[in-house]
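The chains carry the letters A, B, C, D, E, F, G, H, I, J, K and L, assigned in the order they are written, with residues numbered from 1 in each.
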Amino acid sequence: MTDSVYKVVELVGTSANSWEDAARNAIETAGRSLRDLRIAEIKKLDMKVENGRVTAFRSRVQLSFKYFNE
Amino acid sequence: MTDSVYKVVELVGTSANSWEDAARNAIETAGRSLRDLRIAEIKKLDMKVENGRVTAFRSRVQLSFKYFNE
Amino acid sequence: MTDSVYKVVELVGTSANSWEDAARNAIETAGRSLRDLRIAEIKKLDMKVENGRVTAFRSRVQLSFKYFNE
Amino acid sequence: MTDSVYKVVELVGTSANSWEDAARNAIETAGRSLRDLRIAEIKKLDMKVENGRVTAFRSRVQLSFKYFNE
Amino acid sequence: MTDSVYKVVELVGTSANSWEDAARNAIETAGRSLRDLRIAEIKKLDMKVENGRVTAFRSRVQLSFKYFNE
Amino acid sequence: MTDSVYKVVELVGTSANSWEDAARNAIETAGRSLRDLRIAEIKKLDMKVENGRVTAFRSRVQLSFKYFNE
Amino acid sequence: MTDSVYKVVELVGTSANSWEDAARNAIETAGRSLRDLRIAEIKKLDMKVENGRVTAFRSRVQLSFKYFNE
Amino acid sequence: MTDSVYKVVELVGTSANSWEDAARNAIETAGRSLRDLRIAEIKKLDMKVENGRVTAFRSRVQLSFKYFNE
Amino acid sequence: MTDSVYKVVELVGTSANSWEDAARNAIETAGRSLRDLRIAEIKKLDMKVENGRVTAFRSRVQLSFKYFNE
Amino acid sequence: MTDSVYKVVELVGTSANSWEDAARNAIETAGRSLRDLRIAEIKKLDMKVENGRVTAFRSRVQLSFKYFNE
Amino acid sequence: MTDSVYKVVELVGTSANSWEDAARNAIETAGRSLRDLRIAEIKKLDMKVENGRVTAFRSRVQLSFKYFNE
Amino acid sequence: MTDSVYKVVELVGTSANSWEDAARNAIETAGRSLRDLRIAEIKKLDMKVENGRVTAFRSRVQLSFKYFNE
């Protein structure tokens, strides 16, 4: 039915290797609830830094879930 | 009590007819949880297109709900 | 004369039916002062909600008026 | 093939009745080139005004076309 | 583990005294779920007004929670 | 009547003590015209500085007034 | 007194020659009310075009006036 | 007919003298296709620099053309 | 000659591997028309998702082409 | 002389008490270099959180310094 | 070598005549450190006003310098 | 001490391989001054292009340094 309601959510995934892996982590963790999801947009990229070295890449991803009353 | 805490949520409603109906669908689906809601803002309008024709109007609506620890 | 000065103003119109009517209300209320106006831009769309139902659509419209010293 | 290149385009459609019709005009005029298009986003809504009355609604729509070298 | 997934949330706190107290209310209400939170950003400040007088300060705060499938 | 037209206005209030007082000054100066105002948003915070010291806090507040033709 | 309230206003000036003259026209038309104004910011630059030629430059300028109840 | 469709385009013009000339170059190069254009907005101003000296002013101008299927 | 006119274009490239490859695809497809291009800016990154898994990375790239009348 | 060149800088000040004190700390630390500074704008407000409690308020302040070649 | 690191800086130049001269002042004051600079973007234009008259044009210019540890 | 003052800085790093390496170059060049840095945000991604091919990826990174009077 075309009149479903969706909820927009932002998740932050993390990876030691790349922003691609960080985004994939966010999406695949949420994956079971995402059957209708077609597009996931990047809203922010950043890095964790310790002692002047990059230790992790983080991607903030905007997704939408089917909505059920909370 | 004036010190309640609210949670800001974005819902996407859909309608074959208009953005007004799409927004109304989003709000009225969420309606039971919205007793204190007074204003709902539009954050994005878009359309679904199939074979070069518009098949649905979608409204992304920003609402706030009373917050309970998750 | 091409050197007239204009003042940019934002008005909010309201309608129980649609954002188009809400915007038209804003413009036509201001109408008598708007002889030179050609374009009016939408800056925000929102809704009034009561008891979980949409009771009014509101359009914030940006217009320009001929300016006279205040 | 997943590696196609698309070009992002903004079109402005006009209607005497509603922003929905204005957007539909923009999309359906472009329709023959849009076989892969799934989503079209609204980037701006405005109105033409003559003698203090609204004479047309305009919707600026962002689409993407399959890209061929220009 | 560095690959946890977080969910970005916006809460609105209220106080009769100051935006600092309003923000603190939002954070401390959510506090039990926030063990890893280090930074909370202000996204919007506003006021409730009654009869032309300010009755409450409100702070919209962006936080992140550890994410569990919904 | 739900079809009133409002005008959006930005006022800047000033205080030697805090941004809360600066905002309150802006609103309460305008207060007599604000019977329907429920929410006033902060659009900008800044400070006046003299000889390297802060001498005043300023809050730019967005309000809406009932509109009468100008 | 430091607690005066100011009103933020946007004016559009026009000139056949340059955006500097267009902005100067906006400010100097408003000049008598602007005794405390120190800085005026440009918010938008555009041009009027007729038959494919530029006929005027326009500058939208943001100013602040001392506020008196309307 | 009010239902024409327009395409929004951004052109960058260049001039050794001023941003006004740079914008005029962009518009007048495109001029033959612009019979209905009334307003052209500036989207960005920048400069080319060589050996620490400004060698050209550039204006990015947003225009709209009548749209024909591509 | 410094007075050439350029057209700003946004292309979306896709890759199963990375946003770098997606962006490179967009640029190299357009390559023959890009002799003067020096810088290409990323405007948006997103992903295609199918059955809760990332199937492609997409990069929206802003480029400029030498302009010829359309 | 009106042709001095200034450098725009953003500083982050911290306080356990309020955003006003945090901003004042940033400005007064920089004070000796700020003889011509008249206005300092807030660009961001946030908080440090430890164990679900606010431990510090932080204000990011935009200032300008007289510029000397680096 | 392609792996140099640059620092982004914003300078404000001033001129009694035009925003072009104001921007040129900012760049040419910084010129000796700018050997690799190719493009300088305008981030803000404003004016100083005294007694209701424009006394100076100011351009805020974004540049990049080769970076050395501070 | 919680009342230290920080300076926000944007650096641009470059790499022939990826935006991750470009960002890492920016941060690790600055590393010795960054002992307290925890998070570095990406503000812009772009590419250098020569003869229609990508020759370098560039990441603009926002960092903060402990501030000492300049």
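Some notes on this structure:
Just so it is clear, contacts are C-beta pairs under 8 Å (C-beta built on N, C-alpha and C of every residue); 3 or more make two chains touch, one makes a residue touch a chain.
Since we're looking at a predicted model, the values are computed, not measured.
Of the chain pairs listed in C-F, G-H or A-E, the one whose interface repeats that of E-J (more than half of its contact pairs identical by residue number) is G-H. Rotation angle, chain F onto chain L, C-alpha superposition: 120 degrees, expressed as a multiple of 5.
Copies chain E and chain J of the same chain sequence form an interface built mainly from non-equivalent positions, shared numbers / all numbers used being under half. Separating the CA-averaged centres of chain G and chain L is a span of 38 Å. Chain centres here are Cα averages; for chain C and chain I they lie 38 Å apart.
Chain A and chain G have Cα centroids separated by 44 Å. Averaged Cα coordinates give chain D a centre that lies 21 Å from the centre of chain H. Counting partners per residue, chain C has 18-19, 30, 32, 38-39, 45, 48 as the residues that reach two or more other chains.
Chain pairs recorded as touching, per the definition above, are A-B, A-E, A-I, A-L, B-C, B-D, B-E, C-D, C-F, C-G, D-H, D-I, E-F, E-J, F-G, F-J, G-H, G-K, H-I, H-K, I-L, J-K, J-L, K-L. Residue ranges of chain L in contact with chain I, taken from their complex: 17-19, 44-54, 57. The touching residues of chain G, counted against chain F in their complex, run 2-8, 64, 67, 69-70.
Touching chain I in their complex are the following residues of chain A: 18-20, 23-24, 27-28, 30-32, 34-35, 37-42, 45, 61. Chain B contributes residues 9-16, 25-26, 29-30, 32-33, 48, 55-56, 60, 65 to its touches with chain A in the complex.
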